[in-house]
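In what follows, structures are represented as structure tokens.
Heads up, the next two complexes both have chain A, just with different partners, chain B and then chain C.
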Partner chain A sequence: MSEMARMKFYCDDKRCIECFACSVACAEAHELPVGISRRKVVTLFDGVEGKEISTSIACMHCTDAPCEQVCPVDCFYIREDGIVLHDKDKCIGCGYCLYACPFGAPQFPRDGAFGHKGSMDKCTMCAGGPLETNSKEERELYGQNRIAEGKVPMCAAVCSTNALLVGDAEMVSDIYRNRVASRGKNA
Partner chain B sequence: MKKIVYFFIATLALASVAYAAESQIWGEMRIPNILGYGQEQSLKLGEFFTLWQGHYITTIFLGILILIPTVFGIHYLIIGPKTFSHEGKKILAFSLYSRIVHQIAAISFIVIVPTGFIMVFGSFFGGGEFVRICKDLHGVFTIPFAIVVIPMFLMWVKDMFIHLDDIKWLIIVGGYLSKVKNPVPAGRFNAGQKTWYWLATLGGIVMIATGATMFFMDFDIAMVKNITGLSQIDTLRAAAILHNLVGFAVVILFFVHIYMAVFAIKGAVQSIITGYMEEEEVKILHSSWYRKLKKQGKV
Partner chain C sequence: MANTWGYGAMTNHFGDIVGHSKAIFVIGANSAVANPIGFKHMLQAKDRNNAKLIVVDPVYTRSAAKADHYLRIRSGTDIALIYGILHVIFKNGWEDKQFIEQRTYGIEDVKKEAEKWTPEVASDVTGIPAEQIVQIATLLAKTKPATVVWALGITQHSVGSSNTRILPILQLVLGNMGKKGGGCNIIRGHDNVQGSTDMCNLADSLPGYYGLADGSWKHFAKGWGVDFEWIQKRFFEPKWMNAKGFSLAKWYQGVLQEEKTYSSSPIRALWIQGTGITSMSQTLKVKEALDKLDLLVIAEPFVNEAAVITDKKDDVYILPACTQFETEGSVTATNRSAQWRSKVIEPLYESKSDEQIMFEFAKKFGFYDEFVRGMMMGVKEGKIQQVKKDFVWPDDASDEIARIIKTIGLDGWTAKRLRKHQENWHMFDPITLEGKGPMKGEYYGLPWPCWNENHGGSPILYDVDTSVKEGGMGFRNRFGLEHNGVSQMADDKVTVKGSLVQGGYPEITKDNIEKVLGITLSDAEKALIGANWKVDYSGIIEKKCMEKGVAPYGNARARAIVWEFPDPVPMHREPIHSPRTDLVAKYPTYEDQKNNFRVEVKYKSEQQKQDWVKDFPTMIVSMRVVNLSGAGMLERTSKYLSHITPEMFANIHPDLALSYGIRDGEDMWLHAPHGTKIKVKAHHNVSVTPDRICLPYNFAGVFQGVDLSANYPEGTKPYTIGESSNIITNYGFDIITQISEYNAGLCRVEKA
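And then the complex of A and B:
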């Protein structure tokens, strides 16, 4: 990976076949509780011929991450490679990151007697969290750290049509540009 | 009594329906929310919230926290507190009922305001368990305030409408800029107290409503949608913005209220504890009310 690498996701909606593999694999790999979906497959115009379209949404790991800007306890940090992560031990579950997020990525488990919001949970691009890499604690709080093991994030790894692309922003856009060029017209 | 019970059952039933419904944030609405973010025809609440919360809100709260006590400190040093004889007769100003209602609201505020500040400066406290507990206390102590806010509104409302005295009071800033003890134009409540009353009750209801919106987060209540006309995520953004803006005003006047009761008028806090005000204090600070009481032969 070059020094300038910025990790990005991109879901090619012309290829996504709404198989839900990415969201299921994510939930299983990170042992997410019910009600938390770090990655979600959404279909628009379901059943309308020629109009139906599906895509897969998670944290987009924004360069100017709005969540990081609004967090009152500064629990977010952006890695050198652009992956946006947060510290669940610092998070107070206020929900501000969700209000700022354009993608609805932050998730909040409901726990405790008053059903108050627990620490926020979101896609880590399979890069774990601030705790010791690949430790039991990191795994319990943030899920697998596949990036540290040199593996592709779970969702993209299982995408059978290669609709979900992940990697250095330049490489992702190169692949997508080639695909558009070979398709010939309008994306 | 039966009516109240039915009201609670109906509220709980509605709340469970609101929760059971499909998510208003991560469900069907998610795509329109993404597509609408920052678009020309949208209200741009997401961007507005990010800008304000990211750059200004903490600074403004810090400014309030430093500036207001500084102003009070200067006032205390230069003009000093007002002292009234505690030897004279006393006038009943607050009934037992109004004192109990006030005290419940007071205890709520004493917890809600500092915990709110701790959340605003959450990064200073390092986040985590301490700030999380403060967040929970902030919510829990809203419950007693929510119970007394309407009784408090009703018990004082007839004395709180604007009067010619209030304009005169505002022109001389209640006489607090001079050391001389001249009678100050004010009825049972002065213009400052009236402002605080309206802000604490109506503003308080806004704070409860916006706070509850953020606490319950993902609910689906048709009435709320009809009033605001916003999607759930925009309702949350608007609630957070409003909660902070009204919060500025509430904390400023809360500080003023404490300063007046505890420091600026020596022993004034006793009147809300015992219910009795010193006759001289009423004569000077609530001169119109004193005249009225005299006419009625109550003094």
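And then the complex of A and C:
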């Protein structure tokens, strides 16, 4: 089905200014323990004139997700819209997915004020988990399910410079293509 | 700013930068960190207009990382840089001659000063290569419209009030004023800073920038429905009514009296509400003054660290004020527009809103009736009078402001209209601010001046190509009709679009209204009309002006010389603590000031007391971190925000750090010329050069190496505490505004 959405993130590094809004809002929204970064903001060449660059990074919800392939207990599942999620009740916290992931997305919580977040925790693109949608259990273990409520994921919703884009891959590339193609045209 | 063309506020707005700016000159502002959403508009302008972004800053900031051109300036030399740029512009004849001729006064004097500032001379002072100065001057001259953006990096200097004049002068010379995509876009650093200055959290004026004078007090007395004599009696002696108060920068001398003060008595009690006092300079003096007070009251949502740094044990009261989410009313954005804010929840626990705390205060001190009467006033048959017996908060407070504050044109800011804008914000264009559909004819938030209840606001100040009705106007006539025989009115050729009065005209008064507007007032009107547009409750002046397409405040020239100031044209003067002793001799600071804001201030005697750079060889530059604002007392109570900067630090170049044997992440002492010191983590970072270090000012809770955790009331200690950089902010204050010289100073680094 060609009209089927395929959800993707994109961060425009010409726009990202390392304001941390995405990662802080994510942590607040999902009540993550401090130190668990579902979304990270990274600056390379910090302070080097002409080279410094910032970007925001989280689970990229890969089409051919390496985490899913290496998981020994098969806890990952990929939704029809491409969002990569996992079942925390199955997860054994072995860390294979972290080795396989090119982006360092999987996080391994120790403890936290809001309780246990499972063995492995990662960005859900604000789509919750396998438990009943918008149930208390889903919220406690996976965080908010904003997608089910028709809302934009928290990180992109608060991005101060519209650097972080999220949505159907086609829409994301349309927005970015438009940004590049209209450069200097005051459109 | 206000002394150049009438108002000290952002002239254009963020949407306008996106819509029209072709070059953006950012100096003394790090918007990527201080105003991330504001900065988005500059990035959008880069994308959409191919706008060139120029960032001038002593350190390579996150904003600089996005710039097309970065100029690494030595702190406190902004005037020298701008003169260098002006030198190139004048030399090549790139100035906007028509604009200068028709709408300005005194640019000749600026030109004369600029002659001295060849790119080479400017380069020696600023540290910016001469070729880069020529390059940027050329870019600014050839790229129109260009906007100039600044913030506290410009104001917080001993020459701050000259800095804020030289940049408007640059824009006047380039003809970028009153134009879409041009202007001076001063960015306010926090939520509602514009509103709090408009409403006078200042020691030298009344609300709405009404000067300290009997006439102003009488205007307010009328608006509040109280006798002038009653207000006068509240003061120790009548003369103190019109004397500036102590400033936030040096109030502590009112307690300590180490420097000579001029007041009726020492300060004995202090009430703090809504300011992080550890974000003020000379923190040790602040602490000593707090210790010495008879009474200290703090009304804040979070524990103000004034209560933590003091050793005072008794007579310290902390009142819980609620947050903005628990109250309602209007706030003013950086572009002079109002935004209505709704209450999300009722005040939690025993906390009270700011106004409730003030009401209780007024009751205890026996002036509650007078305090709230202004909210029950109204204009009936052209006269101001009490029109009801009760008030509704906050609507009647907003309406009171609209009724009284005419200087900046808040007449149209009624609660009803502001609520309507909040409810219909989807009907406004984010680039032009223009309303659509039912909101047609209004700009979002009614940016002031908003002359009456039907006026749509003024998105771009001093735009003569737009009618007054649609937000246009000339420069304000604020500095008299003439100076040295030269008329201060705009040229005859400068007619504001749609104006029936040709060319320039003075501000409108009872005495000149008939002549200027060419009308005859009826006897009834003459009986009701106020002395001038600023105090006319009858509304007749405003109404007659609008009929003629005239701005009540006049159509005058912007002035490049401010004859009341010690430097009529801005002059470069070295910071009080300068690393360039040779330049101190050439460009010394001011003579010591006898009395400003009731206290003497040292300039030359401090600057030339010793060769400071010998013992304190490293420059200090303050910076902001994106996760903390002000004194940081609010954000440091958030674990997620604290996690980003878990401890106080300074960015230090590895070459400098390692010369003292300080490894990345190790502690170091920083010593200030006035004998104070702080212990902070060294962060090796190449955003600073080896001659300077850079540190955030948003911490408190550690004082000269001593952990003050035990001083926090139980359960109130934030997740992170640290040294306040202001403990070592050097002595130094602006000659006019008395703002501290946060952004230029010296220190000595020592391995801890």
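By our rule, the second predicted complex is superposed on the first by the 171 of 187 C-alpha atoms of A that agree within 3 Å, B and C clash if a C-alpha of one lies under 4 Å from a C-alpha of the other, contacts with A are read in each partner's own complex, and residues count from 1 in each chain.
Basically, contacts are C-beta pairs under 8 Å (C-beta built on N, C-alpha and C of every residue); 3 or more make two chains touch, one makes a residue touch a chain.
What you see is a predicted model, and the numbers here were worked out from it, not measured in a lab.
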Quick one: chain B and chain C on chain A, clash or fit? fit
Which of the two partners, first being chain B and second being chain C, lies in contact with A:Ile147: first, second, both, or neither? neither
Output check: A:Cys59 vs chain B and chain C. Expected answer is one of first, second, both, neither. What do you get? neither
Just checking: does A:Lys14 make contact with chain B only, chain C only, both, or neither of them? Give me first, second, both or neither. second
With the two structures laid over each other on chain A, which partner does A:Cys123 touch: chain B (first), chain C (second), both, or neither? neither
Which partner chains sit in contact with A:Ala27 here, chain B, chain C, both or neither? Use first/second/both/neither. second
Is A:Ile83 contacted by the first partner chain B, the second partner chain C, both or neither? neither
Kindly classify A:Val48 by the partners it touches after superposition: chain B alone (first), chain C alone (second), both, or neither? second
State whether A:Thr161 touches chain B only (first), chain C only (second), both chains, or neither. second
For the overlay built on chain A, what is the smallest gap between any CA atom of chain B and any CA atom of chain C, in Å? 11
Residue overlap on chain A between the chain B interface and the chain C interface none
Which residues, counting only chain C, touch chain A once they are in their complex? 19, 32-33, 36-37, 39-40, 43-44, 46-50, 60, 62-66, 70, 626-627, 639-641, 643-644, 651, 685-688
Chain C partner contacts - residues on chain A that touch it in the complex: 14-15, 17-21, 24, 27-28, 34-35, 46-49, 52-54, 113, 160-162, 179, 182-187
Which of the residues in chain B end up touching chain A in this complex? 25-26, 30-31, 33-34, 37-38, 46, 49-50, 53-55, 58, 119-123, 125-128, 131-132, 135-136, 139-140, 214-215, 217, 233, 236-237, 240
Across the complex, what residues on chain A touch chain B? 37, 40, 42, 44, 57, 66, 69-75, 87, 89-96, 98-104, 107-108, 114, 116-117
